[in-house]
Structure formats: structure tokens, C-alpha cells
Amino acid sequence: MATVAGPLKQTRLGISGRVGGWIFYGVPLVAFLVLILPRLVLNPGFFLQILVFGVTDGAVLALIALGYTMVYGIIELINFAHGDIFTLGGFIGVLIFSLIGIVPGKDLNLGFLTLFVVIGVMAVTMAINGGINVLIERVAYRPLRHQPRLAPLITAVGMSFILEGLMFIWKGPNFIQSPDLLPGGHFTVLAANVDYRSIVLIAAALVLVVLLTVFIERTKLGKAMRATAQDRDAAQLMGIDINRTISATFFIGAALAAAGGILYGFYLHNFRFDTGFITGLFAFTAAVLGGIGNIRGAALGALLIGLIRAFNDGYGRSEWSDVLIFAILVYVLVFRPTGLLGMQVPEK
Amino acid sequence: MAVLEVEGLQTYYGRVRALHGITLHVDAGEIVALIGSNGAGKTTTLRTISGLIRPTEGTIVFNGRSLADVTAAARVGQGICQSPEGRRLFARMTVTDNLFMGAYARSDKAGIQKDLDRVYELFPRLKERATQIAGTLSGGEQQMLAIGRALMSKPKLLMLDEPSLGLAPIFIQTIFDIVLEINASGVPVLLVEQNANKALEIAHRAYVLETGNIVKTGTGGELLESEDIAKAYLGM
Amino acid sequence: MSLAVAARRRFSSVDWRDPNTLTYVGLGFLALIYPTVVYLINPDQGPALVSQAADAGVFVVMALGLNVVVGFAGLLDLGYAAFFAIGAYTYGMLASGQLALSPIGHEVHLPFWVLLFVAVLVAATCGAILGAPTLRLRGDYLAIVTLGFGEIVPRVFRNLSQFTGGVNAISAIDAPVLPFWIDGPWDGGASFAVVQNLKFTAGEPTAYYVLMVLIIVAVVVVIRNAQRSRIGRAWMAVREDEVAAEAMGVNTVNIKLLAFAIGASVSGFAGCYFGAKLSTVSPENFTFLVSVTILLMVTLGGMGNIPGAIVGALVIYFVQYKLLSDLPHWVASAASALSLSQHATNVATDYATRLNFVIFGLILAVTMLLRPQGLLPSRVRAQELQRGTTDESVFDASAT
């Protein structure tokens, strides 16, 4: 199973067992039946439209949520700076695009070449962003690995501020524009317009998630990550260099976040220094909802969060979306802290 | 010919000195036991040798090479292999996955497969449960898996920490038989045990630890007959 | 035993070599003479400086409260500003014309002195409601839940514009009133005079200042007594080893909840005062930056140490509201002294306004990495960090 982590050691469930399970699944089910289903029947086209928005949103969130889940899985640190690593990825992507002459509003008409340009820039951005995150881990978190848990947590908040601050100094308080290299056009299903851009974005995220899963399950480094997550000492006794493994985890997390940042830029066209703060909070909620430490859980959780947000934006009132998602975080932590796909196997 | 030479080892936990200068050696083909009461420093000694804890003083020489600057992970590559106290399996991986983790530092596929077959031969129980999640095994099976996992790294020195802890008597006998069998195949063993009686029976030599010091040493037989040892550790 | 004997005994038991004692005495003395001195030295700036000191006091109170949560009980609360907001809005809504515009349709004007305690109750209740489910989980979950809470509360106040005025804020909030007050040099007055029915307006910073000093003293006394009681020991036990504490019979959930609720109520207290003094509350006043600022104060000052929290709060307040807010002016005058071009001056000044995030982040991270005990460490913390404890292997090879 693609699980990196032992989730929630020492957790005592709030309301656990069967009752908790009933509530956990029951309330969303009732909410769906009462609030969403009638609207689906009345206007399936609009429903589908919202669905597409939600899945697209969830695809970007998934790329961020994976970084939270992997880092939490391996060193049990809520990496508060991860949302800002996502923004940084977007900033770096915009910079590289502008260096090769691709700026928003200027149509280069690269045609089929676009795909290779995007993949190339994305790869470079992912590598740079990954490298920065590795550096952060080395400087800020590793020296505190054996301190009380509070120390690395507070340092992570500090790193978050440093990253936001650097981006603030770099670009100021205004939104920066991102180029958009996604294809135009749409097709129509049930009176809903499905943009090709959404399809491409979802496909890109899906490819990355599948690649990551294969990597974790099949490769030696992936196995080392899982082993380190489960028992650090034992992993060392197997000959695993845990420092290298942890660095690799931070690298991959930041690389995926960078890909998310570029796709976010393509899709929503602008962001600024603190975009990653609230987006990161959503992504963390997604990781918890899916079962923190679990790769597939993070992807699933992100999808659900994206959908919930889209439904609320579409059917409800969008200014309450943030509050709703936060309520979901508390809801999950109360009724099922292990999340949807969290492990039920005994620890050691 | 000494495989492992430890000289004047001191280890601190914070300001608390856990080892006060341990000197010991393990020769080729030997089983050496470390016995002593709780907190005497047995586990700390093993953890220091395997590199999980860094000593403040003293040297560890393995096959003629100093381990001072060698990380724990790299020591495994050199052949120092430990089955840790409390087994420390990867609870959410299968039995086979755990065994393959033991061979993490190796890259000779054919050799790994051969050793896997050998482990299954030593522990038929593990073969039956090959696809089971390690966390769901019984205590005895987990201990077998821990030893099997250590064997998968092709040890040139096998360190076992409390292999009999918490096991039913029938399993204890099995485990000790297998330790002898492994040793007979030419692997020197450094054994830490609370069950001093059993350990001294199979050990060629043994060291007695007390609050971080080695207070007595001799062959297994000598120590079994020594009166104060009998009183302190054998419960007689 | 007579009171005098008790007092003397208490006095003689004071350890004068303890840096904490010196800090208390020093701070008390400074607090006492500050308004008079300021008015005498700089009469023009007097009201502004005294008013600023009272504002700094708001942060001191919050740092004291957060110190209970983070320092004593070891729980990371990243949404502390939420309770501050709750306190401020409680006062703002119940002591202004705001509710006349809401579906309720009546103005409510309760007195400040009552609402101080109402605000505390409301904040503590919110803290308990939020804490009860999440404090059962591991500590780091509390961090993220409070972070979320801190984001949500200002949004709720913004969204519920029927009741709170939304982005337009609540303004013209009532000022507290006292039956009488003595004017003197501390108030910029030349002579002593008794004022009847003093209204705490913006022109009376000394009244606010005195009120703030009294609030700080009260909060310090309460928290210090809690720390030295059974509860304080239980907090320490939970912080050091939750499982062991539980084995000793400590109800860890309740004891954590207590710390969390005390922290929340102190923040609500501060919020109520803040709303009264500013006479306006807006969702913009309670951002994540505020929560982190207070965390920074506690961390820098020395987690778990009351004078540390006070000193940390004063230092950070000074850095943020004096150094960093004056920095652009200094940069501008430096640039003109160097006769840089207008453009270069603008750029430099612009960058000078953008530094606070990085500086705050650096202070947080560097403190944790280089001096985790803070400026004024608590004794226990300092010893742990210097000597190490037996169950953590300080020399663990994997850390290097």
C-alpha cells in the first residue's frame, strides 16, 4: 500500500468506534442527499459544470497535499512552510517562463512544441524548488530533530514567514500574473462546457500522482522512505541513510508543490506572496481527510475538498467556503482522526 | 583473530554517562554474550557499536578498520548487523518486504534470493506467512522475522538484542538453536541477554556488565560455575 | 498570624539573585514612573507615548496568556488572535450602536467593567468548545486546528455583516467610565486635581495606561499562582511526558483544556480592552500576523517564564511598531543624505516597508535553533536544554 506513514500514534479517538463511523459517513451522506441531489436532478448540466471545477481545483490541491502527507509521514512534522513552498514554485515558474520569453498576454503560438516547453520548465522549476526545500530541511529542521516537538513546529512557522517575506520583498504586495499555456476550447456535455484546459490539468496531476505512487512502491528509495517512516532506528540498521531519505522526501514534496504552483498559475492566472497560506491550509485539510501519511488518501482528500468547495461556491455562498473547509478539518479530527484511508493496522 | 575490537567505549545520554569505558572483542566464529541486569548498558553497547549512538570516547575497530567516521547505515554495508531490542519490525510491511528491507544495502540479486531461501529454510513459519503484515504476527514469529531480517544483510557480525524477551519457552529454545546454527555457518554473534543462563550455555565467552562497566569476563562455562554470577544473574 | 508577619516572611523569602525577581522589580518601577517621566521629558509627544505603552500592554497581556498555553502546557496555539477578536467583538457589539442595525434592532450599551468579564467568559467558552475535541489528539493537530480557527473567526465576523458591520467595522464604541480620577504630572497636568466621572477617551491615555498596568498585574498574579499550584505541576508533567503524566493520574485532556481556556480568556480580556481603547474593531485587526507576533514574543522571551513573556512582548512590540515602522523614514532620509535619485529613494523606501515578515520569521527560526530557552529562560527549561535529559540521546548520530 502506498502509505508512507504511521499516522497518529498515541491518538485517542474523540468519538470512535461504530458510532463515530456512522456519524463520519452519515452526515456527509445526508448533506449530499438533501443539499446536492435535488439540484443534480433539476439541473444536471450545472451540476456537471461544478463537478469539473471541483475536480480541477482538487487536482491542484492534491499536488500540495502530497507534500504535507509525505513530510508528516516521515518525520511527523506539520510543515507549515509547505504552502509557501507551493507559492514559491509558482513564482519560480513564472520567472523561468519570462526568462525564455513567455510572459502573460503574449501569444507565441508554439503549437505542439508548447507541451515540451511546459514539461521542460516544469522539470527545472521542480528541481529548483525541491533543492530549496532540501536546504530548508537541512538548515532549519534537521538540527531540531531530537528537540521537543514544539521546536521544529515553531521553526516551521518561522520558515513560512521567511519564505512569504522573501516573496513579499521580491514581488511586493500585488498579484503577479502567470502565463497560461493550457489549450483553449471546450466541448459540451449535458449543456455543461468542459474546458480542455481542465482536462489537461487534471491529467497532469494524475500522471504525477501515479508516478509518485509507483516510485514509493517500487523503487529502493521509495521503500527506504516507507521504512524510515515506520521506524527510523530500524531503517538505519537496514543500511538506510535516513538523512538522505528525509532529504529526498522534502525534495519530492516541494517538486510536486512546484508543479502545483505552475498549474495553479496556468489555471487561475495570478497569485501573490501569501496565496500559499490559505491554499496550504486547505491542502493540509485534504491530507488529514484522506488519512495523513497516506499518498492515495491525500489525493482522494484533495479531490473531495475541491468538490466540496466547488459545490459551496456553486450552490451556496462562496464567502463561507473557507469556514466550511475548516469545519471539515475539525469534523474529521473529532470523528475519525485517521481519515478515510488511514491505517487500521496495529503499530509495532 | 578479532573481528570486532572495542576499546574504552564511553557513551553519554545528556550528562548521564551510560558506558564508563567498555573494552571487549569478538573473534571469528565466536558467540560472545553480554549479560547484566537492567540498565547495565548492554543495549547501549550494541547501539553504540551499530552507530545509532555516537560514543564520546573510545574506538570501535571492525575487521581492522576504525568505525569512527562511519554512519550507522554504512556500517550495515560493512557487515555489522543488529537485530534490535523490541524487534522493531516494519509493522505495516509484509513479512517478505521486511526481509527484503534487510537486504537493502545489497545489490546482488542472486545472492539475496539465495539468502531469502535460506531464511525460509531456517524459519519455515515465516515462509507460511510470507504475505502477512508483520504487525499481525505473534511475538515469536516477529522475533524470527527480526533475526531473519538481520541475516538478509549478509552479516559479518550478527548482534542480537534480547532475542528471547517475552517469548514462550518453546520459542526460546528454537531461537537459541537457530543462533547456534547461524554461528555454525561461520557468523560471529554478539548476544545480549537477560536470560543469562541460556546465553552462557551457548556462548564461547561472555562479559558481565554492571552500571556501564565490564566487571567480569570468561568463557561461558567458567561464568556459569562462578558463584557470584550465579547469585546475581542466574537466580540461584 | 498577622498579615504583617506573613508579608515580611514572604518578602524575606524573595530570592534577590533570581533574574526573575530583578525583572519584576525593574518592570514594576519602570511602569510606575513611565507616564510622569514621559510627560516631563517630552510633553508634546507625551500622550502618544503613554498611549503606545498602553497598546504595548495589550500585547504583554496576550503574551502572558499564550505563555500558559505554549510555555506551560506545551501546546502550540497558532490562532490566538481569534480569541482576541472574540473579546474585542464582544465589547464592540454590546457597547455600541451596532446592534441597532442588526435584526435585533436595539442598541446595547453595557458597561465596560461588566463586559470585561463577559468577554473573558465568551472567549473561554469558545476556547473550550474548540479545544475539547482537538486536545484529545496529538499536540501538533492543535496547531493546525487553531491555525484554521484563527483564519476563520475574522472571516465569520466579516461575513456576518448584519451583526458586525462586516468590512466596515464597528466604530464609535463606548469608552469606559470611572466615578473619579486624579489628574497629576502623570497625566500632563501641572497640578493635582480630582476629576469626577472620567470618561476614558482617546485624550486620556494615562487612564488607559493605568488600567492596563492593573490588568497586567492581575493577570500575572493569577497565572503565577496557577503555575505554582498543583495545576502548574500538572501542566509541566503533560508538557514533558504526557503518557507518564497520565499514569500519575493527571487527567491530561482536562488539564490541557484548562491551559487552553485560560489562554483564550486572557486573550479575550485583552481584546475587550483593545476594542474599548481603539473605539473600533474591524476584521483586519486580527490576522494571522497577530497570532504569530504573540508567539514570537513568547518564544523570544523564554517559553514558560512569565517575566520572559513580558520582556519578549515589549521587545517585539518595540521592533514592530517603532523600529520597523520608522525604518522607511530612516531609509528615506539616509537616501536623501546620500543624494540618491528620487527613483532609487522610492525603491529603497519601498523595500524597507517589506521587511517585517522576513525579520519575524528569522527571529522565530533563529531563536529556536540557537537559543531555544529564549532571552529570560525559565529555570527548568534552561537546565533541560543545558544538561539534556536522560531519555533523549543528545548525541544521537542520526542528527548530524
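Think of it as A, B and C in the order they're written, each chain with its own count starting at 1.
Just so it is clear, a contact is a pair of C-beta atoms (placed from the backbone, for glycine too) under 8 Å apart; a residue touches a chain by one contact, two chains touch by 3 or more.
According to UniProt, the chain labels map to these proteins: B = ABC transporter ATP-binding protein; C = Branched-chain amino acid ABC transporter permease.
Bear in mind the structure is a predicted one, so any value in this text is a computation, not a measurement.
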| item | value |
| --- | --- |
| Chain with minimal offset from the mean of all protein Cα atoms | A |
| A-C or A-B, whichever has more C-beta pairs in contact | A-C |
| Length of the line joining the C-alpha centres of chain B and chain C, rounded to whole Å | 54 |
| Gap in Å, rounded to a whole number, between the CA centres of chain C and chain A | 34 |
| Where chain A and chain B are represented by their mean Cα positions, the distance between them in whole Å | 42 |
| Multi-chain contact sites of chain A, meaning residues that touch two or more partners | 236, 242 |
| Where chain C touches two or more other chains, by residue | 392-394, 396, 398 |
| Where chain B touches two or more other chains, by residue | 51-52, 71-72 |
| Parts of chain B lying in touch with chain A, wherever the complex brings them together | 50-52, 71-74, 76-77, 81-82, 84, 86, 88-93, 97, 100-102, 104-105, 133, 135-136, 149-150, 153 |
| Of all residues in chain A, those that touch chain C in their complex | 8-14, 76-78, 80, 140, 142-155, 157-166, 168-169, 172-173, 232, 236, 242-243, 277-278, 281, 284-285, 288, 319-320, 322-323, 326, 329-330, 333-334, 337 |
| In the complex with chain A, residue positions of chain C that touch it | 70, 74, 76, 78, 130, 133-134, 136-141, 143-145, 147-149, 151-152, 155-156, 158-159, 242-243, 288, 292, 295, 299, 303, 350-351, 354-366, 368-369, 372, 392-394, 396, 398-399 |
| Residues of chain A touching chain B in the complex | 1, 3, 6, 220, 223-224, 226-227, 230-231, 233-242, 343, 345-348 |
